[in-house]
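In the two assemblies presented below, chain A is common to both, partnered first by chain B and then by chain C.
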Partner chain A sequence: MQSVLQDSAKGKLADISRRAPVIGAALGWLGRYGELALLALTTIGMLLTIWAAFIYAPTEAVEGPVQRIFYVHVPLAWISYLAFFFVLVGSVIYLWRRDERWDAFARVNAEIGTVFTTLVLISGSLWGRAFWGAWWVWDERLTTSLLMWFIYVGYLALRAYTGRTAQGARAGAVVGILGFIVTPINYMSVKWWRTLHPDQVLPLGGTPQLPASMIVALMISLVAFTLLYTLLTIEVYKLERATAEAERLRVDVELSGQE
Partner chain B sequence: MGTNFLIITYAIVWLGLMAYLGWIVLRMRGVRADVESARELLNERQNERPQS
Partner chain C sequence: MSTQATGARLAWEQFWAIIWKDLRSELRTRQAWMSMGLFALLALVVFNFAFDLRVENLATVGPGALWIAFIFASILGLSRNITVEQDRGPMDRLLVAPVDRAVVYLAKVVGNVIVISVIEAVALPIFAMLYNLPIIQPAIAPILLLGTLGVAAVGTQFAALAANTRARELLTPLLIFPLIVPVVIGAVRATEALLTPIHDDAPWLGLLVAFDVIFLSVSAITFQFVVEE
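Moving on to the complex of A and B:
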């Protein structure tokens, strides 16, 4: 509390009550009914994902039914990459412009990315147990995924420890930038090393290695999870704003008590 | 065997996402209550000041 008070006195306490350039624009455009519409679209998308994964997509000849884990595992991984990329973007812009709203944007994405990476690790481990017969192997893709998870858990622990201070935001931005190095390594690991993990199904600039019906099912799932990510980003950012406002009000109460 | 793992995976993913959404809602409620109580306290102190 003392450090928050000191920072507040110096005008350094995170002020994200103004709307963020990206999320703020989305919030303004969407409004209350827009958010409800996004929630409805996400729910429909998730129901379509279940239909596509369990009914529409054909059963894979070699792996059998367990291959259908792919329709949640890949979108979860895609959202993790997207979220960690936005941690990088938010961190770079924060260091450049010293605008706390971008720091909050980075922190929101680190939290969402960590939750999704946790689910990637769990779903991948269950698929590995069913297909490889092992919960875990120290394969390059799996190891870099775990490393990525530790980096962002460390980021969140650092932010929780340092609080909403300028010093914490700067340290977080540095970790957010350096930590992103592992993400492209993780994506490319199946190309760079001989891994047990299956190859990229949608290689950048390449031809998809799947039948059309599986691609369609995957696309439905990717769209649904991206809608869910958008909804989560808006809600967690609103939570960040409310938390910052609560802290600022508590500082005002403390200061008014000292007068 | 494969079907069991498939069902367990989908259940864990969906329950995990629901739990995360629930946690966000609970945190939001707590923070809103904090904001309200801090505002009330601040208003009380501001109202007391002119009388003293």
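Moving on to the complex of A and C:
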């Protein structure tokens, strides 16, 4: 199955190189060196982020140096939402098309999103301790992030307990869909319940309240973390597919041994 | 048009047939009723010690204790029910029948709401006595119904989802509780508002209605994938 898919991909590539040699060569190069290039770009981006967050961006007048956590915290939060959205996308397409690769895509995004949300919660707590004087405050954004963390930890636990079965994949897809749909309702209900968080810094359609240099630092960080996310998605996806393939081969070997 | 009407009538008949089947089985065994009812009462007694209830904090702590008792008891009963169904096989036989999965799901939810409502009807007067709160008023009925519907909607879906796994006792609560937060907040706050009326409070009943409608419709569509063999 795997080899058939790869062959068809190679066939397509050969077809493209025949018709458009330059694009074909570029695609071939991307396949061979793309990941290395992405790794290099991610490393440069991360170094730039450290420079931008600690040296380039000015120290915030009210919050002091601790505000620099913001340049890690905000991009991680945005990307974890994006990852959880991709869990939804992967889950819906998997249930529709029944293609294992979409299930792997959803699962990989759940893993990365959970790790990123963990970092969001930790970095947020550190900032909160310094600025609010408390590690934790039950406001809507913190609480929703924590609930999201629980939902996707539940998703990963479900996947771990069901193994690599079609039934586990379907169950996971249903959790991936319901978990994402409930999150905005969680947010609204906690918001009505209590409010303490500082306002959004980039209101949609409004003028940014941050000085330009802080926006630039935030954007550098956002690009760097997006590159990191892309690299991780590719690598964890390949690992996930290789693990599934290895399990399948082992089952084949065990079955043939019994005959 | 006529075939559509016949289909709808058939689905309606199937819907009530499944509910009636579940209720009769429950009336015969009384398993869920006994375990859920006793658990809810025990929880109310334990909360009394845990929160050291006094006259001045009763109205604020009471609704929370009531709903946590109801929700925990419901989840306990729901996961027990689905385990019995999976082990003894009525679920398999039901799925062999040519019934739309959405009808099966909605019938299961309504059946569970009826079972839980009976528990609540017994536990509520006892709660009112133990906690000395004027909770028995007509306005509690929609709160109880909408809250219970939300709990049953989430509980039925996820109990069925976790039933096939090795660790269903762990997975069922782990999956249910983060999703049920709007129901907890909405139901507890609406009950509180009933005891100590506050003006300009959020529309808690609206929140419950929105949650129930969204969750029931998405679950009715996705339930077929949960029970697929």
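The working rule: the second predicted complex is superposed on the first by the 216 of 259 C-alpha atoms of A that agree within 3 Å, B and C clash if a C-alpha of one lies under 4 Å from a C-alpha of the other, contacts with A are read in each partner's own complex, and residues count from 1 in each chain.
Assume a residue touches a chain if its C-beta (ideal position, glycine included) is under 8 Å from a C-beta of that chain, and two chains touch if they have at least 3 such contacts.
Here the structure is a predicted model, which means the values were calculated and not measured.
Colleague: Would you sort A:242 into first (chain B), second (chain C), both or neither based on which partner it touches?
Modeller: A:242: touches chain B, not chain C.
Colleague: Contacts for A:224 in the overlay, against chain B (first) and chain C (second): which applies, first, second, both or neither?
Modeller: After superposing on A, A:224 lies clear of both chain B and chain C.
Colleague: Using the superposition described at the top, determine whether chain B or chain C touches more residues of chain A.
Modeller: Greater contact footprint in residues on chain A: B.
Colleague: What is the contact status of A:130 with respect to chain B (first) and chain C (second): first, second, both, or neither?
Modeller: first
Colleague: Any idea which chain A residues touch chain C in the complex?
Modeller: 95, 147-148, 150-151, 153-154, 157-158, 161-162, 167-168, 170-171, 173-175, 177-179, 181-182, 185-186, 188-190, 192-193
Colleague: Quick check: in the complex, which residue numbers of chain A touch chain B?
Modeller: 50, 53, 63-66, 68-69, 72-73, 76, 115, 118-119, 122-123, 126-127, 129-131, 228, 232, 235-236, 238-239, 242-243, 245-246, 249-250, 252-253, 256-257, 259
Colleague: In their shared complex, at which residues does chain C touch chain A?
Modeller: Answer in residue numbers: 157, 161-162, 164-167, 170-171, 174-175, 177-179, 181-182, 185-186, 189, 202, 204, 207, 210-211, 214-215, 218-219, 222, 225-226, 228.
Colleague: Enumerate the contact residues on chain B facing chain A in the complex.
Modeller: Its residues touching chain A are 1-3, 5-6, 8-10, 12-13, 16-17, 20-21, 24, 27-28, 31-32, 34-35, 38-39, 41-42, 45-46, 49.
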